[in-house]
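Lettered A, B, C, D, E and F in written order, each chain numbered from 1.
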Amino acid sequence: MTEKFLQPADATTIPRFADIATFLRTPRVEMSDAIDIGLVGVPFDIGLNYRSGPREAPGAVRHASRLIRRVHPTLGIEPYALCNVADLGDAPINPLDKDLSIAQIETFFAALRQRDIRPVAIGGDHTIPTPILRALANDSPVGILQIDSHADTLDEMCGTKANHATFMRRGVEEGLIDPGRVVQLGLRGSRFSADDIAWGYEAGFTIITFDEFEEMGRAAAIRRIAEVIGTDRTYVTVDIDGLDPSFCPGTPVPEIGGLTPRDTQVILRSLRGVDIIGADISEVAPCYDPTGITSVTAANLMFELVCLIADKIGER
Amino acid sequence: MTEKFLQPADATTIPRFADIATFLRTPRVEMSDAIDIGLVGVPFDIGLNYRSGPREAPGAVRHASRLIRRVHPTLGIEPYALCNVADLGDAPINPLDKDLSIAQIETFFAALRQRDIRPVAIGGDHTIPTPILRALANDSPVGILQIDSHADTLDEMCGTKANHATFMRRGVEEGLIDPGRVVQLGLRGSRFSADDIAWGYEAGFTIITFDEFEEMGRAAAIRRIAEVIGTDRTYVTVDIDGLDPSFCPGTPVPEIGGLTPRDTQVILRSLRGVDIIGADISEVAPCYDPTGITSVTAANLMFELVCLIADKIGER
Amino acid sequence: MTEKFLQPADATTIPRFADIATFLRTPRVEMSDAIDIGLVGVPFDIGLNYRSGPREAPGAVRHASRLIRRVHPTLGIEPYALCNVADLGDAPINPLDKDLSIAQIETFFAALRQRDIRPVAIGGDHTIPTPILRALANDSPVGILQIDSHADTLDEMCGTKANHATFMRRGVEEGLIDPGRVVQLGLRGSRFSADDIAWGYEAGFTIITFDEFEEMGRAAAIRRIAEVIGTDRTYVTVDIDGLDPSFCPGTPVPEIGGLTPRDTQVILRSLRGVDIIGADISEVAPCYDPTGITSVTAANLMFELVCLIADKIGER
Amino acid sequence: MTEKFLQPADATTIPRFADIATFLRTPRVEMSDAIDIGLVGVPFDIGLNYRSGPREAPGAVRHASRLIRRVHPTLGIEPYALCNVADLGDAPINPLDKDLSIAQIETFFAALRQRDIRPVAIGGDHTIPTPILRALANDSPVGILQIDSHADTLDEMCGTKANHATFMRRGVEEGLIDPGRVVQLGLRGSRFSADDIAWGYEAGFTIITFDEFEEMGRAAAIRRIAEVIGTDRTYVTVDIDGLDPSFCPGTPVPEIGGLTPRDTQVILRSLRGVDIIGADISEVAPCYDPTGITSVTAANLMFELVCLIADKIGER
Amino acid sequence: MTEKFLQPADATTIPRFADIATFLRTPRVEMSDAIDIGLVGVPFDIGLNYRSGPREAPGAVRHASRLIRRVHPTLGIEPYALCNVADLGDAPINPLDKDLSIAQIETFFAALRQRDIRPVAIGGDHTIPTPILRALANDSPVGILQIDSHADTLDEMCGTKANHATFMRRGVEEGLIDPGRVVQLGLRGSRFSADDIAWGYEAGFTIITFDEFEEMGRAAAIRRIAEVIGTDRTYVTVDIDGLDPSFCPGTPVPEIGGLTPRDTQVILRSLRGVDIIGADISEVAPCYDPTGITSVTAANLMFELVCLIADKIGER
Amino acid sequence: MTEKFLQPADATTIPRFADIATFLRTPRVEMSDAIDIGLVGVPFDIGLNYRSGPREAPGAVRHASRLIRRVHPTLGIEPYALCNVADLGDAPINPLDKDLSIAQIETFFAALRQRDIRPVAIGGDHTIPTPILRALANDSPVGILQIDSHADTLDEMCGTKANHATFMRRGVEEGLIDPGRVVQLGLRGSRFSADDIAWGYEAGFTIITFDEFEEMGRAAAIRRIAEVIGTDRTYVTVDIDGLDPSFCPGTPVPEIGGLTPRDTQVILRSLRGVDIIGADISEVAPCYDPTGITSVTAANLMFELVCLIADKIGER
């Protein structure tokens, strides 16, 4: 049987533990117009100010994603029947040059956009939405769903403007983000100062702290996200530390008491129908993840995002 | 003081970290008519198609079960005051011969049944209910409570009929399972095809996917289990991957977003009064469990099952 | 800028991974009248009867607490603007002499009290509230909030009266604890005998087993705590095994199915306004905590307690 | 600059932690006549009778081999300047069918041979030389350098003839191995019976137990290997348990007191000039290798073997 | 076939990963006159002043010893053909009472001696030779081979005389040890004071520091041991920290730069013919041994000692 | 008793597992003229091009160094009787700015030099000798003993001149290093190109590759070091990857087959009498060191260096 679209490695002939590991077992190809969804690693982690490690995440998530199968259990979506999904390798970065790397990442994602490829990226630290948004949203600002324990709205950290704690402010300043279509979900954790998250309120973000999330319940939070974000062009960014570190310990800056993987799955599933232009899952640090569960979780969330985007593409 | 029944090692004279490790610190004896509940290892793990490791589970659960005490905290059951509970060692298996091992396991459990010993087994992979049910249920089909992320109703996998993904179909085909008295709880995870779990619906199983479980709530799920299964002869099988892998990471095929150990405890406790003819806890892979928490959980679930069966025996 | 009070190391000049690790990055000073809240290690772990390890907890929690910032995210409390908080080192103990160590701990905490320093201690095993309460509550009995899976009301264990399972009985017998103002929260786990927790009921404790906690819900439990304990002099003791061991695996005697870190945070936050005379977080065993999440949790709970006490001090 | 031969990923543009992991960062291509040296995984591990795990080795060694550079430090060989080296993926295997897998492996290696590709394989357990030799040596018997703690000359184990303890006997029986050109190096470890290794002596093998190795010294052992094996067609098989398990803990059956990685490097280097028709490195079990050092060692030994074979090819 | 002596579990019918774990897979029986060599755990670890953990060693070494087979590879000794070897469980100890435990250990070993059982013990910390020697050597002093990084000749530590740093002094003072027949091998590591090891010289011990061992070479060290100790009644005590902690990391007080497992094997083998009255392997801390290699090493050394003693018994 | 010099925490009153962890348990003080030897952390690790992690090394080595006692076992040196040794905290660095950090490190070490404090630093990656030498050797070039697997003589890496692979070239270029008094010991590992280490030969370095080290033997290597370096002003730099990664797995770029910790100890001890102006131990990555043995080794090597310098200072 010939398939219309690229297919992941077939587990009936290549066991899931066999051969090279690619994202979701999709083919590793170079970017081209034929690709609809590009799975991409961004092994950049020199934007961090506490523990390091996410440069290893693309490799670890490729490995963990070997166990993901083909069909979504709840939504019934089979992405590989709807469009071309492929592993496009990693964005180029220079491990010794932060600013150059940020430029390289932007160039890489701009090339994806030029070919109308929607990226689902595995970071890297949470600096990476800055260059990604510059590439994907430089003509008109997009909505953002940010799952995170930290607001990432500092003006600067350690005297620099580009790092893992500033992308949301940069994105608004640069006109890449529509503040009225932003939801920041899961914020918590001790703060450097009382107003760490204040900037977002002033900018017009909808902030659902973890306290608020717990109080309103997940269903209400999902409704709120839908109201704020709607279905227009949206970028989804999951800082894995938005999840509870008992579930996802492999992360540079763990903050106890967060979302469960289940919460995150269900919330992402609620985005069906939204025009997701791209997404990233960041701040996975395999060197702090002895059971591999953080990478397994990231791999599953990647599959959720691929299903959503494929479903939207399939509507065309 | 002489006890009427076999007693576990006394922690006041043998600290819980001391001496050989047996299941729940019960005596390691050979099977005999005197035994009522047999704690048994089934170190068979060559029915797997992804990661391996459960051959080590009986050893690891014996080690972890050293911390279990004598009395159930909620139900108040003290099994060792009600009947003879003992560690009967491991079922014989041949690590190089799948089919022979399956036959050996059946023979072993048939011998238990002949002596009217109710087994609580630690697998091994989830192939093992096939031979166990052949031994325990070959005269009339039984009800099944299956806690699992996967339906295990494939017809074949990798070209074989006997493996860790088929026991529920085999059991129905062979007349060992009463489909009308089956509950499959916790199903989730990406699927090979859209109808991975369809066979069970057609066979008449009651399926409570994790989505449904969450929506209905645990109490309603417990009521549904009671309605479907009743109190007649029932086999309980816990694939540890039915639980969330953040709680039980040591398993071959983790699927995020599942039951908690607490959920599982409470659901098992609801079976008080059911005629449980045997049970297994399978798919524990100690080599992926650096904290040991998966084995600790399995040991606690073993104690739950022992209490339920002892309580039923004590009614006589 | 000169600060009125001692300040933790400034993360803008000393990265959080840099320099010696002290509790919450506060200065390591010797005790003096100037100090209001003393952060103290009590590396005593020879009161245990199963696994060992908490002697390493003060070191591990100091290390983990490096990531805690300055301001409480929910309550808005900034303790270092309200009073002097400092790391006072570890209480002296003798690793080869249990009774001497208990006396040394008492002497150390008596010296803290004499200087009107409120201690937040990192144990050590759960023997340590005995000497701490002797030092802090020897003039009038105090209320107790005990988060724990075990009641710690045995009369003796292994033939000794002073160990990690007896401090609540000792405290009542010695007039240090007001039984009418005690809440024991989270009790669960298999028992040595049916009446392991009965002593507390008879003494007049308010016991909220984990079964009851789940049934009533967290909000009701918080109300019950407030009713029983009020706002008078209270000691807070958190046995980390009160939390679910999937969240906090690094503990000597794990009992599945407990409180989450989030539950614990929210419950502690409800104590705002209570006159907390001291607190401990005990039974953290770093050698069973490969991800460090248990220490991270303990560090966060320490910050919760510091905020509560500082807030109360700031009222003056 | 265009290169004459396939080149590994260039670390100056793709950092060594970036992109998909292939063996030694060589291109992942399908087998063809253009390839000279094929790097192949053989994720077969159902020939084991103690611990399991080597099915994960090809993946783990691909990951670890990312740090290997291009030029041999001692021999000065640069394999990628001499011939085409590529990652050809994994041999097909069926995780549920031992005999079928063995046949599949033979077919795969026969196809390599037909194309005159010399394989360097990462096992898999030590059953795999049986099918590999059937493919590579079925016309005339070859010499063998076996680095191993076990002789693998049993007639059968657990009632089967094909498993990880029999390949040397099978190879002689089937005329694939020239007993006069065999060296077994590193044998040690407790034995099932006194004559576990006797079969090899009778067959005419040269056996250098670890006792003898230590006594004669490495240089003399190298001379003895050269004398026995000469330079004709030779297969090299490294059971990683031939190395000391303190250096390589990730293996199913560790035997203390063996070769160091350095010993193994130097011994392999002494084979320069030998006509190596293929090689495998087997019995690496990543699930028992928390530091990854076993996979790092296997990756380095793979590079040694690639250099030797490339150097020989380059002579043509 | 009926065997004359007790036999370990047969790996051809019970795989080595199956059933309860006993030392070397020997039967777990109660002590009796029929037993010649008693394998015993001594889970005492409250004599330590730095890290803890050896209470878990008997369990971990039982688990690790499952891979040991029946015949010594170098000496050819098959202990189970020479005498009765059995696992006699663990000596009773009280985890909360150091002095009581020491008395209990003495009583247990005295009972062994009364039955003419030669013990090979797995500690426990290195306090345990004190009560063992009191039981085994109270009529006439014995020779000692001590492999250790520390001299254990302090007079007291932390104000106590009985702990893991004093047994050699206690043994001489109590007339249990013949100083002229003592070899201390492997001493090294930073010292509390310049004369930490001076007491032994004055007592007449033969001390081979690691510096001296390296300089003289292993063969000369073996000759020196033979000269000093001869073949009369001798007790062998291996503190696992005598070995290099890279090989045996699971120990309370690691000292870099020590003996290899191979060195230790060869040195023990040189004791063939010596009248070994008993032996212990102590200071194994499984909680610091993530690969299990320390326990594997201890299990192998236990087998070495069993072979030596069995060989001597077989001479009779 | 009052001591003439600063003393480390006394283990008889503060157990070695107690209180804050400082380097070698010395007091944490601010730099001043009174200090002779400054123990310093340099948590800089953004000069790496493969795995990251050494920013955590100062913390981990402080923790591990708790077990070091006061007196050198072989040399008999007691540094705390000879001069003032103290933990001076960590050099300031900015985790987001490589060049700024390098300048900050230089400033910090210049301040040490101004006070005539000899530093023993724990890195950080192997970029740090560049700023350290700029501070310590800017008036006249010094000799260098470099223990390392890599030559660190590249001109640039990833387009930058300052990183962990260039300090030796930079030092010569800047006149900080006397090439005629350089020994590079332990070089090995696959190379990017054939001339990776050629620059050093041309510069006049004495290079002892690991091959040469093994061939000549340690004693000859020590003699060669003495000949080349003499006793004049010398800087000692230990890249922990110079040691075999089986002994020290916690390092960014492991190269199998290197020096043992014992080799390193003995070689360092041979420097007694040399005028060591400072030293560093770099490239320790705790996140890849689950047993902690790499940090334990680094701590011991730090003590070796402190003893050497103190001994020299004591001569005055």
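Throughout what follows, contacts are C-beta pairs under 8 Å (C-beta built on N, C-alpha and C of every residue); 3 or more make two chains touch, one makes a residue touch a chain.
If you're wondering where the values come from, they're calculated on a predicted model, not measured in any experiment.
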Exercise. Common contacts of subunit C and subunit D?
Worked result: A, B, E, F
Exercise. Which chain's centre, taken as the mean of its Cα atoms, is farthest from the centre of subunit A?
Worked result: E
For this session: Quick one: report the Å distance separating subunit A from subunit D, using the average Cα coordinate of each chain.
Result: 40
Problem set entry | subunit A-subunit E separation of Cα centroids, rounded to whole Å | 55
For this session: Just give me the whole-number Å value for how far the CA centre of subunit E lies from that of subunit F.
Result: 38
Exercise. Could you say which residues in subunit B touch two or more other chains, in rising order?
Worked result: 15, 17, 49, 51, 55-56, 94-95, 158, 246, 288, 290-291
Exercise. According to the definition of touch, which chains form touching pairs?
Worked result: A-B, A-C, A-D, A-F, B-C, B-D, B-E, C-E, C-F, D-E, D-F, E-F
Seminar exercise, completed: Listed in rising order, the residues of subunit B that touch subunit D in the complex are 45-49, 51-53, 55-56, 94-98, 100, 157-160, 163, 287-288, 290
Exercise. Which of the residues in subunit C come into contact with subunit F in the complex?
Worked result: 13-15, 17-22, 28, 41, 43, 55-56, 58-59, 62-63, 66, 87, 89-90, 92-95, 290
Exercise. So in the complex, which bits of subunit C are touching subunit A?
Worked result: 11-12, 15-17, 67-74, 76, 78, 246-248, 260-262, 265, 290-293, 296-297, 300, 303
Problem set entry | Residues of subunit F touching subunit D in the complex | 49-51, 158, 187-194, 196, 209-211, 214, 244-246, 249-250, 253-254, 256-258, 288-291
